[in-house]
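These are the structures, in structure tokens.
Shared between the two complexes below is chain A, which pairs with chain B and chain C, respectively.
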Partner chain A sequence: MRPLTEAETRALFEKLGKYIGENIQLLVDRPDGTYCFRLHRDRVYYVSEKLLKVATSIPRDSLVALGTCFGKFTKTQKFRLNVTALDFLAPYAKYKVWVKPGSEQSFLYGNHVLKSGLGRITENTAQYQGVVVYSMADIPLGFGVAAKSTQDCRKVDPMAIVVFHQADVGEYVRSEDTLT
Partner chain B sequence: MAAVRVEELLAAAEEQEAEKQRSIAVHKELELEFDLGNLLALDRNPPAAAGLRGAGPRREALLRALARDNTQLLVTQLWALPAERAGSAAGPLVAQLPEPAFRLPREKPPPRPRPPTRWEQFARLKGIRRRKRTSLVWDEQAKEWRRRWGYRRAGGDPARAWVAEVPAGADPDEDQFAKRRREKRERVARNELNRLRNLARAHRAPGAAAAPAAPLHPTGHQSRAELGRAARVARLSTASLGRFQPRLPKEPAEPPPCGGGRKRRFAPLLGDLAAERSRQLELLRGMSSKKPPLDITRAVNKQLREEDAEAAAAKGKKRAQRGKRGRRQQQRPGRSGKKSSSKQSGGKRQQRPASGGKRKKA
Partner chain C sequence: MGRKLDPARKEKRGPGRKARKQRGAEVELARFLPPEADPGQRKLSSHARRRSAKRRRAAGEEPRGGRQPGVKKQVSPSKEILPKKVVAQPPHCQSGFSDGNSKWLTPAKAKKIQSEDNNVELSSDGEEEEGIWEMEEEEEDGSSEEMVDDYGASSSDEEELLPIEKAALKQKSDRGGFSEDDSEEEEVAEEASRQKKGQKEEEGADLQLNMDVDEQFKLPTDEQIERETAEPPDLHIIHQRIKGNMEVLQDFGVKREEGRTRQEYLALLRRDMAAYYSYSDFLLKKLMDVFPLPELINFLEANEVPRPVTIRTNTLKTRRRDLAQALINRGVNLDPLGKWSKTGLVIYDSSVPIGATPEYLAGHYMLQGASSLLPVMALAPQENECILDMCCAPGGKTSYIAQLMKNTGMILANDSSAERLRSVVGNLHRLGVTNAVVSNCDGRQFPKVLGGFDRVLLDAPCSGTGVISKDPAVKTNKDEKDILRCAHLQKELILSAIDSVNAASETGGYIVYCTCSITVEENEWVVDYALKKRNVRLVATGLDFGKEGFTRFKECHFHPSLKSTRRFYPHTHNMDGFFIAKFKKFSNAIPKAQKGEEPAVEAASPLPVPDTIMELQSKKKKLEGSKVAKGQKKPQSALKKRHSLQAQRRPVKAGQPSPQVLRARVPTRKKRRVNQNEQ
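Then we have the complex of A and B:
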């Protein structure tokens, strides 16, 4: 376990910024306590100071996880967000997509969101903008990348992909043993 | 008896006093030269030749005394420097040395000059000198300064000309474009061969064979790792140990740590969390305020593309006005010289710079 280097922090923030923009500041500078990012076995954890201090007493080999896992660094030093970061992305998301109840299940099985399943979408979403996917009852289901801009979404046919799937809460069941 | 003893005692005391004085006061015919920044003293006084001749304890003692005296002078100079206590009042006394004045010679011999190429040898034999030519020349057609050679050169690139003259007495069926391409390929191949020959000759040269530091010396085949190691060593082989070495154009800001003899260093796990937070906020501010960096190459390419598009549009309009006749004129070089040259617009020339002899005339 160690703090992130400058390059790693930059990679993390660039990826987070695609979903929550400048709201990362609210994650870094929290009024309710000191929170920080720590790297443990290539995974980035968002930990409170109190928890961090407690975790230092556990040997590295025995420590499975701490705090909230935001994602992991690949071996080429790219950062990938995990679905576990959804709890922190959803409140601050800048661009949102709401999925109709009928296609909720499809999304939760790991499929892309099609135009036919698109309930609502934030205005002026650009193409390839990171978006958080909600159900119509405003429950965050996952996140992905907008395949089309909002304007284009109106024109495309119903079977066209509107949001590329990246992570969804179905992973808690599907890949239970790899999520930490 | 007692008086004698008193005199003896007095003499002994005087001697002792003189000995004490001698330990700090040194008399020299010529003043020593000091460079306190390097802790260096230069003694220009000629040594006593008689005492130094031959080996033995006497010579040893003389040298020792000389060294002691000169060191004493140097230390006396050091005491005259402004000094202060390091740390607290009880700390050691630290003198502030002035800037060093004496230039120390570099550790390594200067790099060996590259042996002259075959052409350079020949040119020296014949007394051919390099003329300096400006890299930019005025392009009459384009009405701007263009490079003499290479991309967007003045007068147009002959390799990209869309028309080629069939020289008098040549086979009319021969493809002149193919001939030009073939000749270019041959020239390139010959140049490459000559380059390799020069390399081989330089490698065989007697000076190069005796060169030291074999692993770092350029050889025929060096792997990427070897080259990297050589570059790292070369980077540190300056008087400042590479601290003031300017970076190469595409060298990363932080040299790659692998193999550099430095361990990875990370911030402490439970260090200053407030400082970490402020550093991250600073990083965020930099990331959000940053304008997209201007990529010069891309910007220039974009500008060129736009110019070309504009020129093409303008040309299309002109063509429509001129009709078929104007186009035919343009394709026939060398005949319709000055008549149509005034009609030419600037943009087209940039796209196809060498469209026949007509342009060169104008």
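Then we have the complex of A and C:
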């Protein structure tokens, strides 16, 4: 377990910024104590200082996880967000997409969101903007990348993809073993 | 697709092992096709019968003449259900009817053919037939009663009529004309079934003989048992025997057989139960020790049915009301779990898989047995505390702790299996728990890794005898060694759990020990051991239901405070079998007497306390010394006094505590408790 290097921090924040923009500030400066990012076995954990102190006394080999896992660095040093970060992305997300109840299930199985399943979308979402996907009952289901801007979404045919799937909460069941 | 229709196959009557199987379509077919043997027989609808009754009433006494046997023979085929059988028994030989004498059956055949001929003729003038029909039924009832007396070994109608049916079958094959359509195979099958029936009757006759003699259960002889072991067990008979045996055992003085001991009855009961519920003999013996007999049956029965599916609302993300509404909208039928839980819900049935709804994936609830909520409620974690969950997989209890602490403070979730920790990590993230650290250590290393917790939850690995409905393999694959191995591990774990707690914690200093096992070795024994080895005492768990733990069990006497532990059973509480004990640690010091005074006994005792613990203690003292020094002084002085007391008793105590010792101990314990209260 170690703090992130400069390059790693940049990669992480760039990725986070795609979803929550300048709200990253709120993640780092919290009123309820200091929180920080730590790297452990290529995973990035978002954890409070208090918890960190406890975790330092556990042998590195036997430490499995601490706080919340945000994602992992690939072997080529790219950062990949994990669905476990959804709890922190959802409240701060700038651009959101709501899917209809009928296509909820489809998204939770790892499919892209089609125009036919699109319930609502934030105004002026740009193309390739990171978005958080909600159900119509406002339950965060995952996140992805907008395939079309809001304007384009109006015109395309019903079977066109509007949001590329990146992560969804179905992974808790589908790929429990590889979550962290 | 569907059931096969084989018109050549005849539907067999009577009981038998195959009788419960779903039958082929020819059963239904029989309803639609006219019966080949006696046509016209089923013409009466319910309306017709009613009409006929009316007509009869109008006719007055006239049909009374129909009681004569001759008339009876003519009319009998009109009886709906069992025409052949009725016909098959001539009135004069009704009483002499038993399995052995099949002589009389031969004349009956001839008569039957005749009667059927008659029947064909008679059916043309249905009026008369209908008129006498009900009278006939009365007549029949009378005769069937007589038959019960003859060989009423079995009470059900079907079994009574077995020999008749046999006769009918035989007759059929004899006459040939009727059975022409029967294939060769079928005959073989019939023969086999006949033989089987014969066997059964024999057994039935045995049973009946017993009943006649003294109207009560009798132990089978050795030969009978031997014979039984040779052939596959008949569950029905075994069940009957268990029932009878239980009755005798409940009122042993009166109902016992002369010269038979209780042990013989119990041995038979155990063997029968082991066969009927397919338990290993060892486990059944253990269970018989724990439960009184009627309760044991309930317990065994309860293990055959699954417990209700329960879920726990994750109050970090939603409220129970909202969750219930959301699930009801998805077609789930649910109810609140009970008064004692504010977060639990029982799922009765569901049109969607309850472990894969969007709500589940979003972490609004956790699938969790009702019994696993209890230890956490007993632990009663407070906000901003430091809590250790020693054996946390799969994370249900851990997340409940986090939920009660509202994600404040710190939870160390530990488990020794890396494999099982994956689900812990998944669950904790899904449920939005952010105050947990997950580690993969051996629980026995614990105060070495980290100590000074406010509370510790030890859900110890166990033999799982409380969750047999979940894992029926436990029935057979556990033996004495497994139980003792578990108990040993549990003793080690409970000591490390106690050592990891900081007694001077302002809010805490509690340890909750729980297992999903119901054996005494893994529960009371372990708790009693901990009471002896460490400065802890049992406190009330805060759960207002459940049964009290044992304070004495067979030859063992445990500390009287074990009354405050709680046991939960599948048959009484409809949750998994569970044991919960809550300790309060009142001093961080480890009683020294262990080391100095009884090295020999220590080595012999089931748990060799490793020297490391002493090391740990010193290390821990160093760690906590500065923090706790002030608070600890007073208890330690009181403690020293007790140590000296304990030191004197120690050698005796290390083995099984004798009642004398217990009596000697109680007052000192009490005194100590008073001291505690003063503090």
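In the analysis below, the second predicted complex is superposed on the first by the 180 of 180 C-alpha atoms of A that agree within 3 Å, B and C clash if a C-alpha of one lies under 4 Å from a C-alpha of the other, contacts with A are read in each partner's own complex, and residues count from 1 in each chain.
Here is the rule we go by: a residue touches a chain if its C-beta (ideal position, glycine included) is under 8 Å from a C-beta of that chain, and two chains touch if they have at least 3 such contacts.
None of the values given here were measured: they were computed from a predicted structure.
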Overlay on chain A: chain C relative to chain B, clash or fit | fit
Go through the superposed model and pick first if A:E49 touches only chain B, second if only chain C, both, or neither.
-> first
Vertex chain A, Cα centroids of chain B and chain C as endpoints: angle rounded to a multiple of 10 degrees is 140
Examine A:A65 and indicate which partner it touches, taking first as chain B and second as chain C; both and neither are also allowed.
-> second
Does the superposition put A:E14 against chain B (first), chain C (second), both, or neither?
-> first
In the superposed arrangement, does chain B or chain C reach more residues of chain A?
-> C
Touch check for A:M1: first (chain B), second (chain C), both, or neither?
-> first
Which holds for A:V28: it touches chain B only (first), chain C only (second), both, or neither?
-> first
In whole Å, how close do chain B and chain C get at the C-alpha level once superposed?
-> 16
Check chain A for residues that touch chain B in one structure and chain C in the other, and list them.
-> none
Taking the complex as given, what residues does chain A use to touch chain C?
-> 48, 50-51, 54-55, 57-59, 61-69, 84, 87, 104-105, 108, 135, 137, 139-141, 169-170, 172-173, 176-177, 179-180
Where on chain A does chain B make contact in their complex?
-> 1-3, 5-6, 9-10, 13-14, 17, 22, 24-25, 28-29, 34, 36, 38, 49, 52-53, 56
Contact set on chain B toward chain A in their complex = 266-271, 273-274, 276-277, 280-281, 283-284, 287-288
Can you name the residues of chain C that touch chain A in the complex?
-> 326, 355-356, 358-359, 361-364, 386, 410, 412, 418, 421-426, 428-430, 432, 434-441, 449-450
